[in-house]
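Paired with chain B in one complex and with chain C in the other, chain A is shared by the two complexes that follow.
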Partner chain A sequence: MTSFSQIWTILKKDLILELRTREMLISMFLFVMLTMVIFNYSFSADRNDLTAFGGGLLWIAFIFTALLGLNRSFAHEKEGGCLDGLLLSPIDRSLIYTSKVLSNFIFLSIIQIITIPIFTIFFIRYNYFPMIVLFILGIFLGNLGIASIGTFVTTLAINTKRRDLLVPILGLPLMMPILWLAVTISGNIMAGPLGPNTLKEVVRAVQILALFDIVYFVASYGLYDFVIGE
Partner chain B sequence: MEDIEIKVSGLKKDFGRRKVLKGIDFSLKKGGFLSVFGPNGAGKTTMVKILSTLEAPTKGDVTIAGIDLMADPIPIKKKIGLISHNPLLYGDLNAHENLRFYGVLYKVDDLESRIDELLDRVELSNRRYDYVRTFSQGMTQRLAIARALIHKPSILFLDEPHIGLDPHAVDILDGLLDDIRAEHTFVMVTHNLEKGLTLCSQAMILDGGKIVFFEEKNDIKRNKFEAIYKKSVKGEVV
Partner chain C sequence: MSLKIGGFYFYLVTAFLLTVAGLIGTFFLTPLEVKQIGFSQKIFYFHVPMAATSAVAFGVTLLGSIAYLMKDSKNLYRKAIRLTKATAIATVIAFALRITFNVMGIEVLGGIDVRLILLIASISLITLVPVFWFFAFLTRENMDTWASVGAEIGLLFGSMLLVMGILWTRVTWTVWWTWDPRLTSYLLVMLLYSGYFVLRSSVDSAHQRARYSAALGIVSYIAVIFTMISTRVLRSAHPVIFTLSDPGVESSMLITFIVAMFAMIALFGAMIIVKVTINNLREQIEDMKDQLGG
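Right, the complex of A and B next:
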């Protein structure tokens, strides 16, 4: 059996468990929708127009939604001692990391696929559809970065009593570069037509974000064996 | 030369300043059955966790089936199974899905017939598509036994396996142990003196992270064993 099929086996199990319990997705969805409604009342109650700062607000909502999901990402493993079951299996522990990154990435993406169109229809007055590929690339890379470092930090905190507190404390500073770059990409695209200089800035942000993702993923993958189960 | 399956030398484990294992040395022959007794906090579960690759030792060497545990754990993982008081099962997967999940990770050949065979053996065939969270504790533990045996391990670690079992489940577990006794090596942590001494080929008492008693079954003098055991357990109470 290849590494890919071992990753798929663990990922498939996570997806089945989430589809059955919906514990993570429902709480993430409710949280992100509530955040957006509050943003609207706070910043633009009468006009329903968040075009100027839509990207920033969107990522504020996503980062806290992601933290909510990350805190739940090992919940099934903690119940019944299933993490020990995984660690007993003859698989490379880094493959457990990869499958967990993918499941966290997928769950956050599902939330975004539902909420971004809603947010855009109600609050964004500029049609950024011509730049949709670049926009989706920014969301994709942002998610990957958050899932990579978030999964690592969640694993570090998994055996501590205050893991709900530790994940944001350890994770948010490490996620700041990801957030800054993701907001630069999404914010500029949502706010209006991109001039040559802004387009250059957005493309540059995409390149740096991809670099951050690679560094975070490779470093976490390499170090994972030392943090899980200890 | 005797066929040594498990060899432990100078095994130490610290959790911060707390020294849980303070230098454990023993060896177990292939096909042997080691019963480990001792008070709570003696280091029994920690020792089993290290032997089953779940914890890394602070110091010392462990060789299982001739393979260095620290250097090459993956081949060892294929040879060992663990039955503990934690079932290591997903409540929101059914019995079949749980066994299939672990079977795929262990690359078990002809997995479906192996699952059928084990579900029959633990008398859960009729509940194969029910979620594990709907099982009683005894049924969950029976499925945990099937999980531990899915890949036909040659070495079984049993950490207080009888805890929480109803008498029927105890019979099933004991029957299974009897069936596979000849071709397996066992390390069992237990507080049940009668069961532990009946099943074992060697007995060990751990106290305060050290071995205070280790003898072959035939050499065990029951009075001496019980005196040492009671002394160590009383220490826990005081």
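Right, the complex of A and C next:
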């Protein structure tokens, strides 16, 4: 088997499992919806118009959903003894990492495809459709970064005593640069027409975000051997 | 078995003398900065060296972690090949992105030359990692101890730095705290390295603990590097003194700064020696207890 077919096999397993139970997607979706209801009550001063904070609120919802999903995705593996099976199989461990990143990335993206339009209808009063390509690029790069570092940290935490505690404690500071840049991108695009200076800032944020994705992915890919398994 | 603290007193005395010299320089020999912030500029002589020393301390964590994993690794060769491949692919992607942006006429990262950073990083890794590795082999020192002690002292310097910085911010910007990129990212570094110790305390087996925390120690350094470049890459109000082309200060200021820099590094040397010795002795006690059966 080539590397690609190995990655695809593990990825397919995750996708089939999710299609059968739909456990993660439904809980992540409900979580995002509930967060939006909370936003409505927390910021009720200016009714239903959160255009100015749109990017920040969007990513608050996504980052916690991502943590929820990441915890779930490895709890499955641990409970069923699947992780041991994966470790016993003659597959390079970095490939396990790659496929896990891909599956987490796909789940997060599915949630976003459903919830971003809803969020926009609920809270945003500006039509940002003309900038949709840049917007999607920002979301895409943000997801990739969260999935890369999140998968690494979750694997690190899964074999320790404080499994559920460590994922946010270690994950959030590491994800924060990604979150920050992603909020810069989404927030500026959602908040209103982009002036030349804001556009420059957004483009720069896209560049740094891409750099972060690469660095995080390469570092985690290289170190994954050491954090998986006993 | 004796308590060997090689070089401890040397570093301690050096640190003391240089700190006194640095303080004299700070308050009596350097001119008052009159253009922008006045007397509060004096923080620069110890604030910046402290920040640099905390970065060095976290760097010890990084190198100790790398050395530990290199020693620990069973099939190092295969992993090295794979990591090299991944880095090569990443570099190609980075260059492709750069060329694309250049062709599109978009300025890359505010004029900062990424190639320069990559070059410095790779040279320092290439030269320092073998040094640490051989050191680990020769002294049979447990590099995990060095890594954890580095993070501990880094946190200590970081806390002093934050307290100092907060006082300065109150005087100069009239608020205690602003969410400036430099301040925010440094706070994150502190939280991250505190999490490093939470991780260490949640693993029982010593070997496993060392391996996990080494992996985290390497990844965490990315956040430290981000803090270093944050003022130059993002919009920030934090002062930037040194640039590549311009030393930015007068010579008496520069000399005082360098003296303070050496003082802090010497202090760090003294601290790390005594702390590593303590940890080694603690391990020996544990071993003896095990041998006695209980």
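Miscellaneous remarks
By definition in this document, the second predicted complex is superposed on the first by the 226 of 230 C-alpha atoms of A that agree within 3 Å, B and C clash if a C-alpha of one lies under 4 Å from a C-alpha of the other, contacts with A are read in each partner's own complex, and residues count from 1 in each chain.
Assume a residue touches a chain if its C-beta (ideal position, glycine included) is under 8 Å from a C-beta of that chain, and two chains touch if they have at least 3 such contacts.
It should be emphasised that the depicted structure is a prediction, and the values quoted were computed from it without experimental measurement.
Contacts of A:Arg204 after superposition: chain C is touched, whereas chain B is not reached. Contacts of A:Pro196 after superposition: neither chain B nor chain C is touched.
In the superposition on chain A, A:Tyr216 makes contact with chain C only, while chain B stays out of contact range. Once the two complexes are laid over each other on the shared chain, residue contacts for A:Leu174 go to chain C alone; chain B is not touched. Set side by side, chain B and chain C differ in how many residues of chain A they touch, and the one touching more is C. Touch criterion met: A:Leu166 reaches chain C, while chain B stays clear of it.
Shared-chain residue A:Arg20: touches chain B; no touch with chain C.
Overlap of the chain B and chain C interfaces on chain A: residues 92, 230. For chain A in complex with chain B, the touching residues are 1, 5-6, 9-10, 13, 16-17, 20-21, 76, 79-82, 84-92, 229-230.
Residues of chain B that touch chain A in their complex: 52-56, 74-75, 77-78, 80, 82, 84, 86-93, 97, 101-102, 104-107, 132, 147.
Every residue of chain C that touches chain A in the complex is listed here, in rising order: 69, 72-73, 79, 82-83, 86-87, 89-90, 93-94, 97, 101, 106-110, 114, 184-185, 188-189, 191-192, 195-196, 198-199, 202-204, 208, 211-212, 214-216, 218-220, 222-223, 226, 233-235. Across the interface of their complex, chain C is touched by residues 92, 94, 149, 152, 156-157, 159-162, 165-166, 169-170, 173-174, 176-177, 180, 200-201, 203-204, 207-208, 210-211, 214-223, 225-227, 230 of chain A.
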